[in-house]
Amino acid sequence: MALLEVKNAGIQFGGLKAVSGFNMRLNQGELVGLIGPNGAGKTTSFNLLTGVYVPTEGEIIFNGKRLNGLPPYKVTQSGISRTFQNIRLFSELSVLDNVKVAYHSLAKNSILSSIFRLPSHFSEEKNMEDKALEFLKIFKLERFKDEKAKNLPYGQQRRLEIARALAAGPKLLLLDEPAAGMNPQETHELMELIAFIREQFDLTILLIEHDMQLVMGICERIYVLDHGQLIAEGTPEVIRSHPKVIEAYLGEEVSDEHA
Amino acid sequence: MKKSKSFWAFLILAAVVYVVVQFFIGSGFINIYYSNLLITIAINIILAVSLHLVIGITGQFSIGHAGFLAVGAYVSAIVTMKLELPFILAVVLGGVIAALAGLIVGIPTLRLRGDYLAIATLGFAEIIRIALFNIDYVGGAAGMQVSHLTTWTVTFVCLVITILVITNFTNSRHGRACIAVRENEIAADAMGINTTYYKVLAFAIGSFFAGIAGGLFSHNFYIIQPGNFGFLKSFDILIFVVLGGLGSLTGSVISAILLTVISAFLAQYPETRMIIYSLVLVIVMLYRPQGLMGTREVTDLFKWKPAKGGN
Amino acid sequence: MLKVNDINVFYGNIQALKGISLEVKEGEIVTLIGANGAGKSTLLKTLSGLQRPKSGTIEYLGETISTKAPQAIVKAGISHVPEGRRVFSNMSVEENLELGAYTRKDASGIRKDMEKVYELFPRLLERRKQLSGTLSGGEQQMLAMGRAIMAKPKLLLLDEPSMGLAPLIVKQIFNIIEQINKEGTTVLLVEQNANMALSVADRAYVIETGRIQISGTAAELQASEEIKKAYLGGH
Amino acid sequence: GCGTGNQSASGGGGNSDVFKLGVNMELSGNVASYGESMAKGVEMAVAEINKAGGVEGKKIEVIKNDNKSEAAEATNGIIKLTSQDKVNAVIGAATSGNTVAQAQIANDTKTVLIAPGGTSPTVTVDEKGKVREFVFRTSFIDPFQGTVAANFAANNLKVKDAAIFSDSSSDYAKGLSDAFKKTFEKAGGKIVAEESYVGKDTDFRATLTRIKAKNPSFIFIPGYYEEVGLIVKQARELGITAPLMGADGWDSPKLVDLAGAEALNNTYLINHYSTEDPDQKVQDFVKAFKDKNNGDAPNAFNALGYDTVYFLADAIKRAGSTDSVKIQKELAKTKDLSLVTGVLSIDKNHHPIKSATVLEYKDGKQVFNSKINP
Amino acid sequence: MDWLQQLINGISLGSIYALIALGYTMVYGIIKLINFAHGDVFMVGAFIGFYAIKGWGLGFLPALIISMVFCAVFGVLIERIAYKRLRNATRIAALITAIGMSLLIEYGMIYIRGAQPEAYPADVLPNKAINFFGVHINSQSLFILLTSIILMIILQFIVQRTKMGKAMRAVSLDMDAARLMGISVDKTISFTFAIGSALAGAAGVVFGVYYTKIEPLMGVIPGLKAFVAAVLGGIGSIPGAMVGGIFLGVIESIVSAAGFSLWRDAAAFVILILILIFRPSGIFGKNTREKV
């Protein structure tokens, strides 16, 4: 059974159909790319998946459960988490606390237990702290743990955002242009990291990216959006030579340009 | 674990302060003027800290806090004066009803952001005030006469509880959720935090303590009138929080103390009082727009800091 | 044309540029590459007057501009296309272009340049009346460049024009950069995408944590093993 | 702030050579203009008395405290005045609420408190009906003026139906309109409209239009001149020609400026006195005030503040002492004391008994109409 | 006929709100600051006009112009002294400063001349009651309505069509980007404050003439109402301020006319909150929900 199934989903802003008739199936453990020209509706489709926008048509089924109309925090709690195209960290919070926040919905202690400092408060806090530290270690961020997130270098911020998304315990991870603003070297490291966490956490990953090296390099399948509609779907090889994709997105000589 | 250590440190400090002050009051060293000033300061601290939770921690720009103060003041006055029930019960009920009012106000308005939220909360506070004004049961414009029941002990206990609850709340996953909402609501939502719930919750807790302050306030000043709870009062509370440093609890406490003392001191210079007060306000903001403490707490100043990163 | 002598720039206590010196000659495309946070944007901001150097001078056409206000620098012929495009989102494409020519008074010249911009970017002509906030990323980048061209610059500062853009658009943008340069505008180009940048540039500087590390002709840098490894993702 | 040092020993005590008079007034905030006016009157009287040698050989020293027009600050203020400054007596406040906020402390500390303006009966009598021993006032209480107005309307103007348009934000206006209603209805009149406005409003046209629709032949407008001036003006503009009437809150030369002389024709007010009164005391006061305030004529608040000091000074003189318990006793015994605002006696509830004067506006001048004794 | 009378009452009240709200909205539009001192500039304008008329015996028009010029300078000064430094500070710091400035102006005025009110002379403008089928229309209220509509149109023209207007909009959208266009941000902001404050000054004089009474705290309530009006209309929008102002005035009149004058302000706020809940950026405001 597919982990995520998007059937004919779409959304309209005023007169503009930002996404329409969008169909997608993700199987457990896949690493899939979503590409398309600027303004094609990629970020918007992420927003549909995560409940930021409510689809005006179609339905989204995740893990056998219909997501339409669920608010974002419930979508996250049911196992989808994401990063943002423009980094959205909790900039005044420490790096450690950024990750701890993501554990929020996995902890159980009540407000009263925190106010009265009951044992459950301490045990949950400790638990959160330990797990958060573990994550920071994986992402090589532990030496920054007490630094305010906004003081991190940009590349680390991107990493922290991914770490935070992972800490929420997702089955499906959505990454929106994780390599934006990185140089080729950093991008390369990022690719390795993505591959690593997929193995480590048994994740399914859907990512948006304009960097074709990255997309073609690690994605098993690729969906291509243009003007809100799916124009192609397939393996990197298929996409690379798909005439519609070349016309709308890649441009002519991409296939013979090697880095 | 370090958190629980500072918790006990705080309690011991509070006990010491209480005993010392109580001793001075008992021995007549602190006269009624100063003990009354202390009570006023404590009430203002409660107000400042309760609003700090809403604005400083949760980032919800509420400028109608006096509305909840009014609810607490009136409810508690009704409980003691009309229903003739005990004072402590009155204070608690004042808080509870104010928290309810907070829920009623918060649920529809907290969808709004920034300045729109600000004007809506101000509007609600005005509505509360105007309603009180039109209810004959509580005396309308003439107000209600209230017996003097507030004592230093009760006020101090309320103050300690307020600070404890709000600190403990802030330093927990729930408080972190609130801060996350402040920092980036969209990201908080994406991290599985029910942002509406936490906004409303913080608002209700803030209102609860404003209501408690209201009970202490009304039973300290003999008479309450709707006119005492206008938007200027809300601004006063807001000023405590901002001047202290948004996000800093100790900052709000310090600025509540400072401003209350300055204001009491200036009362004898009626001609220039407000001019000086407003100048202080403007100058502090111009030269320290982040507030006296910034986002730091007093306790941070005592911590040994590794050489990294200045201020 | 442009000479930067040993400038130091601070954000509060943080020093972002540490003794940077560089030169841009008339008619060149010079590119500035370097990792995130290296100080590339800061350098451009300092050139256009948004940021003041604490010490050091910037000479432009023989004149010191490091103490001038941004509007004077724009008048003197330097246009800056900032990072993240920064188009005026609630204004139409045309209004954005008009603002580009804010310091100019020659109505007919402005009209001519507007036509030229529409020629360079036919897409913008189609969207003349559209609010620029609703444009796609690539279109916004075109608009930002068009807006800068409207100031009739002698020197164009471009900050990561390829960021977040689809490959096809990136190619277009770089073609246009070359075209603008051919038509006589000197270009200082900041890029993460070092491959692309070096392929259009005459000369390049590599900047690392606020310092110039390496400089040379584009061809030299492209050939350097070291550069390949660190910036071109060569493997 | 002020140090917490032990000031109780040095703070003045009973027998220093000055008489400390606390003035705890609305000097900023909503009703600052009333508090300020009263304080002005107080200072003028104090200056005169000091010039004439003071009270019991002591100069009066005024210690002002701004209560910001807030009850809580009024309480804080009197606590400060009594415990820090050790004043011998306090004058305040302009409004009833802010006076009530001080009453308990005054009583507890046995400090005489005289309100120039607190007109609600509750100022001197607490909610259980007990007289607050140390609290007095100079102006007449609300019910009295309301009754006078109703009688005047029913008997002198012989109107059968009336409307009330009162300031809902002041308990003063509320007290007046209640009394008016009761008396007027008892006299067989009918109240056809009861409307209110909120102090500090400037636009009353909507409500006036409503009142006009009821076509009353008399409108009672208890309130303060600041709003009344505009109400009268707007009422006339809307074509309301019925006689209008108010009470001492109307009295201010500004009323004529605000409403316009023509609009004020056919309006009446109850007052303590009239600036036109040929009485020497009044004329001296008016002249002295004008001299001091570059030609501005005094209003009722100035006069009440002024009288309050003389009311106090008279009691001190009779007591022959500045001991507040003795002063309190003499204040309570005050009888037929002639002041600018009329002849004053104090009854057992500490309510002043004063005669009231009904004045009529004719072309912007107050003209004596009738005098009504309590 | 009563309801018509009430409608007219409401519109003339609303035009004053609108006049103040226009300035509010402009200043807010450009630096996103709730300039609480705006109501006090209005008060100062009223007093300047008063002194010009009463003290120097000038007529309405010269007094209006003097007051507008004075307030323009005053507004620019306030901006230079108090707000300029705070451009990069948090919004709330700027708000507190604005509250501080507001108190400073109010109590500075009281310090200078006391708290007592002043009355505008009655004969500044002809005040003829036009009787229209039993409805009294005051010639002054027509005049006010006309003034605010004309000013709104002029403003809208300035902002939408002139170069300065474009610069203002650009600065409001992105200050740094505006600088890169060669726009002097300081000059543009000063210009905005000058216009906004001149409008407040004009509103002050018009208010004085229409309502007669002026006093140092007169700006507080109209300032707040005007702000509410601006928010109702969609803050930042010039036609919005106009419509919001009139709308608020009419609502207040209707509520009073229905016999709930004491609930009038509460009703205004209830409507405000309802509008905000259902149209979070006001009647004319653009819905600027953050794009994710």
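The chains carry the letters A, B, C, D and E, assigned in the order they are written, with residues numbered from 1 in each.
Definition applied: a contact is a pair of C-beta atoms (placed from the backbone, for glycine too) under 8 Å apart; a residue touches a chain by one contact, two chains touch by 3 or more.
A quick map from chain label to UniProt name: A, C = ABC transporter ATP-binding protein; B, E = Branched-chain amino acid ABC transporter permease.
Computed from a predicted structure; not experimentally measured.
Each chain gets a centre from the mean of its Cα atoms; the one farthest from the centre of chain C is D. When chain centres are defined as mean Cα coordinates, D lies farthest from chain A.
One inter-chain figure worth recording: chain B and chain E are separated by 32 Å, centre to centre, where each centre is the mean of the chain's CA atoms. Per-chain CA centroids place chain A at a distance of 72 Å from chain D. Centre-to-centre spacing of chain D and chain E amounts to 35 Å, using the average Cα coordinate of each chain.
Across the assembly, chain C contributes no residue that touches 2 or more other chains. In chain E, the residues touching two or more other chains are 107, 110, 262, 265, 292. The set of chain A residues that touch two or more partner chains comprises 52, 84. If you check the complex, the residues on chain B that touch chain D are 28-34, 36-37, 40, 133-134, 140-143, 145, 148, 217, 220-225, 227-228, 232, 261-262, 264-271, 273-274.
Within the complex formed with chain A, the chain B residues making contact are 1, 4, 7, 165, 168-169, 171-177, 179-180, 182-184, 186-195, 201, 247, 295, 309.
Those residues of chain C lying in contact with chain A across their complex are 33-37, 135-139, 160, 163-171, 192-195, 229-235.
Only residues 50, 52, 71-73, 76-77, 81-82, 84, 88-93, 97, 100-105, 107, 109, 111, 114-117, 121-122, 124-125, 128, 147, 151, 164-165, 168 of chain A touch chain B when the two sit together in their complex.
Chain D meets chain B in the complex at residues 1-2, 4, 6, 8, 25, 27-30, 63-73, 75-77, 79-80, 83-84, 96-97, 100-105, 120, 122, 126-127, 168-171, 174.
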